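Look for chain A in each of the two complexes below; its partner is chain B in the first and chain C in the second.
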Partner chain A sequence: MKARCCDKLVTAWAWLSGLVLTASVATLLGFLLTKGAGTLSPALFFGDTVPLDALLLKRQVFEGIFPATVGTLLLVGLAVGMAVPVGIATGIYMAEFAAPRTKAVFGLFFDILAGIPSILVGLFGFSAAIFLHHHFSGQITPCLLISALSLAFLVLPYLIRTTQTTLENLPRHVRMTAPALGASKLQTIFYVLLPQSLSGIVSGIILSIGRCAEDTAVIMLTGVVATAGIPASLLSGYEALPFYIYTVSAQYADQAELMRGYGAAIVLLAVCALLFALTAFIRHRLADHLLYGAR
Partner chain B sequence: MTATNEIKIRARRLFFAYGESRVLNDLHVDIHSHTITAVVGASGKGKSTLLTLFNRLWEDIPDARMQGSVHIRLEGTDRDIYHPSCSLPDLRRKVGMVFQTPNPLPMSIYKNVAFPLKMAGISNKARIGDAVETALKQAFLWDEVKDRLREDARRLSGGQQQRLCIARALVVEPEVLLLDEPTSSLDATATETIEKLILSLKETCTIVVVSHDMAQVERMADRWLELSEGRIVNDWPDNQWIDSV
Partner chain C sequence: MRSQGLVQGLLAVAAAGSVAVTVLIFGFMIVLGLPLVTSGTFFNLFTSSWLPNEGLYGIVPMMAGSLFIAGLAMIFSFPLSLGCAALVAVLAKGRVPALLHRLVRFMTGIPTVVYGFAGIFLLVPVVREWTGSGSGMCILSASLLLAILIAPTMILFFTDSFTGVPKSYLAAADALGATPVQKFLHVVIPCSWRGLTTGVLLALGRAVGDTLIALMIAGNATAFPGSLLDSARTLPAHIALVVAADFDSLEFRTLFACGILLYAFTTLTVVLTRRMVADKGGAP
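Presenting the complex of A and B:
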């Protein structure tokens, strides 16, 4: 009787928790949409610049969030692009090659790295930029490249740990299949273990994309600027959506500007959704290619 | 070809342990070419472990330790398979293994069978196609799958999956085939087909099979070894009640 009661209580608790979480997300999205949907128009992106001129980079946009959207896309692309190869390779090393002691020591460092507040990573990036400015080239200042590198550091532990755990959790019979058929260790990793771990690795990548897209602390210290336009090179300042949302909500001049902040928040969510969809699509194609490719 | 007196596998003074638990204890055995040798005994007595000593698959298991020597006659010459010069991929192509639970890779039927060839660096499509067809025919599976080679192999029935795994091991023309309870997860009809298949393979391979089913062992095997306390305690039908060689 007591056990049954307990069962029911746990089930009810689980349901309630799920419900609260779903309701919170729905409320948040609903709030953003009702507040910001009205501002979604070409004017939100391009202000009074002719959209085609802005898209062809003929004229700089001052009043719209087009440069911030492009900045965020570039930033996420660069940061995740740099972090993914290193993160996956380290994850493979940890799961397949590292000796137990090395694994324990490295694991501890990765966990510490994962726990470092992003503002510290930002400060580190800032200091690195100053150091490089003084000792290597006067051209190096806080910029898109420094921001992307700092963000890459920030998300590396997620990528490493997800790759490592997914690989380690593969059942033994899966691990044994390829070696028993004469595959070398590297062949086993590339032809069997990685393809089978694809969904775990991809969830790490999605987590990283979200983290890079939303982070404000790191980029504030390492190169984001309120009005920079589209960055001319990796060594230029840039705009980004989270920073735009932050400045607008902190110092808006009128109600219309605040509303544009809500609009920008919706765009940021849409950018993330787009990147997630792209990742899922690549995963799907990759799985098809690796596992079911042509005869 | 039929059973000959040529010794295919010669194992001496085998000791094996997982961590602190000892599995094989001073085991000696000779296995003859083109015979079916069954390894029987209670669960957890090291039957499957003994098989993995013949293709060195145990080396991928953490905490496992082994002593002793295993020589296998491959391509006409006697090879010490634990000698540092012995290439693992080559050894495992010549000494194929099929596991208890069918383990097709999550890819098409064709790609599954072609997989070991790809691993061996063979890229000639016509040659791969021929080898896949031959292996599937050898494994009595060709007629059932020839029109659906690009389907996911995991959609096959349990018995078909196991025959696919046998075909996959056969595609690189092994000289020894290690079968670890190949029918234990299958129904009676599927088991019967696999038994016929195993008997037909005796002409091309030397087969060592682990089995729990004594009736099956009597139907198939030329010789059976009973493992207990890490040694061979019975060797039918030749030398009964041997302790060690």
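Presenting the complex of A and C:
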């Protein structure tokens, strides 16, 4: 009798937990979507400016999130562009070349890097910018380039780890076949192992794109500003979607600006949901041999 | 053969560079924080309160803010996560486990700032009405939202370790006539306590290191918080708020003390986590 009571209690608690979690997320996102759905239109991005003029950079957009969107795109492109070559190279080194001891020590460092709170990466970027400003060139202040570099540091461990684990988890027979046919170690890596791990590596890249797009703590210390327009160069300030959402929530001037905040939150959420769906698609549908066969 | 040496060298340079980044971040904080120790203000950080106009730069209220908000979030989130993981891995049948698992995976992709934005305009007013006093921006609101944010980290880890329990153990329990709940309580949980600890440590690191939720929701008061309904400031939020100050000022230097504390804490959780995972190899 007592056992059955306990059974019921535990089951009820588990279901309740599932329900509470689902309900909380549904409420938060549902609130956002119902409140902000009305703002989704070209005007959200371009305000009063003619979209074509804005896209061709002929005219600056003031009452829209176009500059923030462009800023985020540039930021993500730069950061991921810097992080991917280094991250994948390090992942390959860790999986294929590193001696067991090196691997253990380096692995510890990468785990620590992955655990560092993003605000500290931001603080580092800020200090580095000031340091460079004093010692190298007065032109360097917190800017797009510094932010992108800091974000690259932030996502580096994810790229390393996804590349490394995908390579290490390849089945043994895949690893043995090419050397048995007389391929050198490099040939094996570049013609067999890497193509076979492509889906894992690409998932890692998409994951880091999402991380760069959503991060706020790093960029708010390293050069993002509330109004900058389209950045003129790598060394200028810029706007970004997550920071726009943050500033609106902290200090909105009028109802219209608040609604743009809702709109920006939905846009950012949609981007992240899209990236999530993309990784799920790559994991499930695009089997490795498909990619390999298409070469 | 020579090309292999070249490629291997390049890859090794990339790896060494990645290690250097980790060291560089720590080195910067040590070097820039060092003047605090030499000027003797270091220990004042842990005794006074934060009154920059009077030259007092104590960070104890922020340490307390971090501790309360992260601790409370863990208290809310752990039972919730354990229940969800039990549902996904053991107790539920049919489509529910797969759907819930997918939702949790999706949650890892939701931007923190979006949680914060929805929290400000939905959760904060509710808490304000509920408590009947203050602005609603308090430790309670922040920790409730943070609990949702860190839940996926725990659920995914718990679920993985629950499903990793050897099938033969479960079959043995089945043969003895155990109900699913008995299996969960007496076989699955004892077999996966390492996974449970790892998940908790990772989530704790995430909770302590998070900037945005506390910055947006907790109100950022610099006084030592006296109750759950008081506004408070966490260490990461403190760094974000003070950084605009003058680079050479003492005020700015104290941020590196906060930074070193956070770095030390997260490194500790990482080292403990790694030890947990490494031990697994030796245990049955």
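Keep in mind that, in the parts below, the second predicted complex is superposed on the first by the 238 of 295 C-alpha atoms of A that agree within 3 Å, B and C clash if a C-alpha of one lies under 4 Å from a C-alpha of the other, contacts with A are read in each partner's own complex, and residues count from 1 in each chain.
What we mean here is this: a contact is a pair of C-beta atoms (placed from the backbone, for glycine too) under 8 Å apart; a residue touches a chain by one contact, two chains touch by 3 or more.
These numbers were taken from a predicted model, which means no experiment stands behind them.
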Per-residue contact with chain A, leading partner among chain C and chain B: C
Partner chain(s) touched by A:173 [first = chain B, second = chain C, both, neither]: first
Chain B versus chain C as contact partner of A:252, first or second or both or neither: neither
Chain B versus chain C as contact partner of A:273, first or second or both or neither: second
First (chain B), second (chain C), both or neither touched by A:184: both
Touching both chain C and chain B, counted on chain A across the two superposed complexes: 184
Residue ranges of chain A in contact with chain B within the complex: 173-184, 187, 191-192, 195-196, 291-293, 295
Interfacial residue positions of chain A with respect to chain C in the complex: 3, 6-7, 10-11, 13-18, 20-22, 24-25, 27-29, 31-32, 35, 85-87, 89-90, 92-94, 97-98, 106, 108-124, 126-128, 130-131, 153, 156-157, 160, 184-186, 210, 213-214, 216-217, 220-221, 242, 245-246, 248-250, 261-262, 265, 268-269, 272-273, 275-276, 280
Of all residues in chain B, those that touch chain A in their complex: 55, 57, 60, 88-90, 92-93, 96-97, 99, 101, 103, 105-108, 110-111, 114-116, 118-120, 125, 129, 149-150, 152, 168-169, 172
Chain C - residues contacting chain A, complex: 1, 3-4, 7-8, 10-12, 14-15, 17-19, 21-25, 28-29, 32, 79-84, 86-87, 91-92, 96, 100, 103-107, 109-123, 148, 151, 155, 179-182, 184-185, 205, 208-212, 216, 236, 239-240, 243, 247, 255-256, 259, 262-263, 266-267, 269-271, 273-274
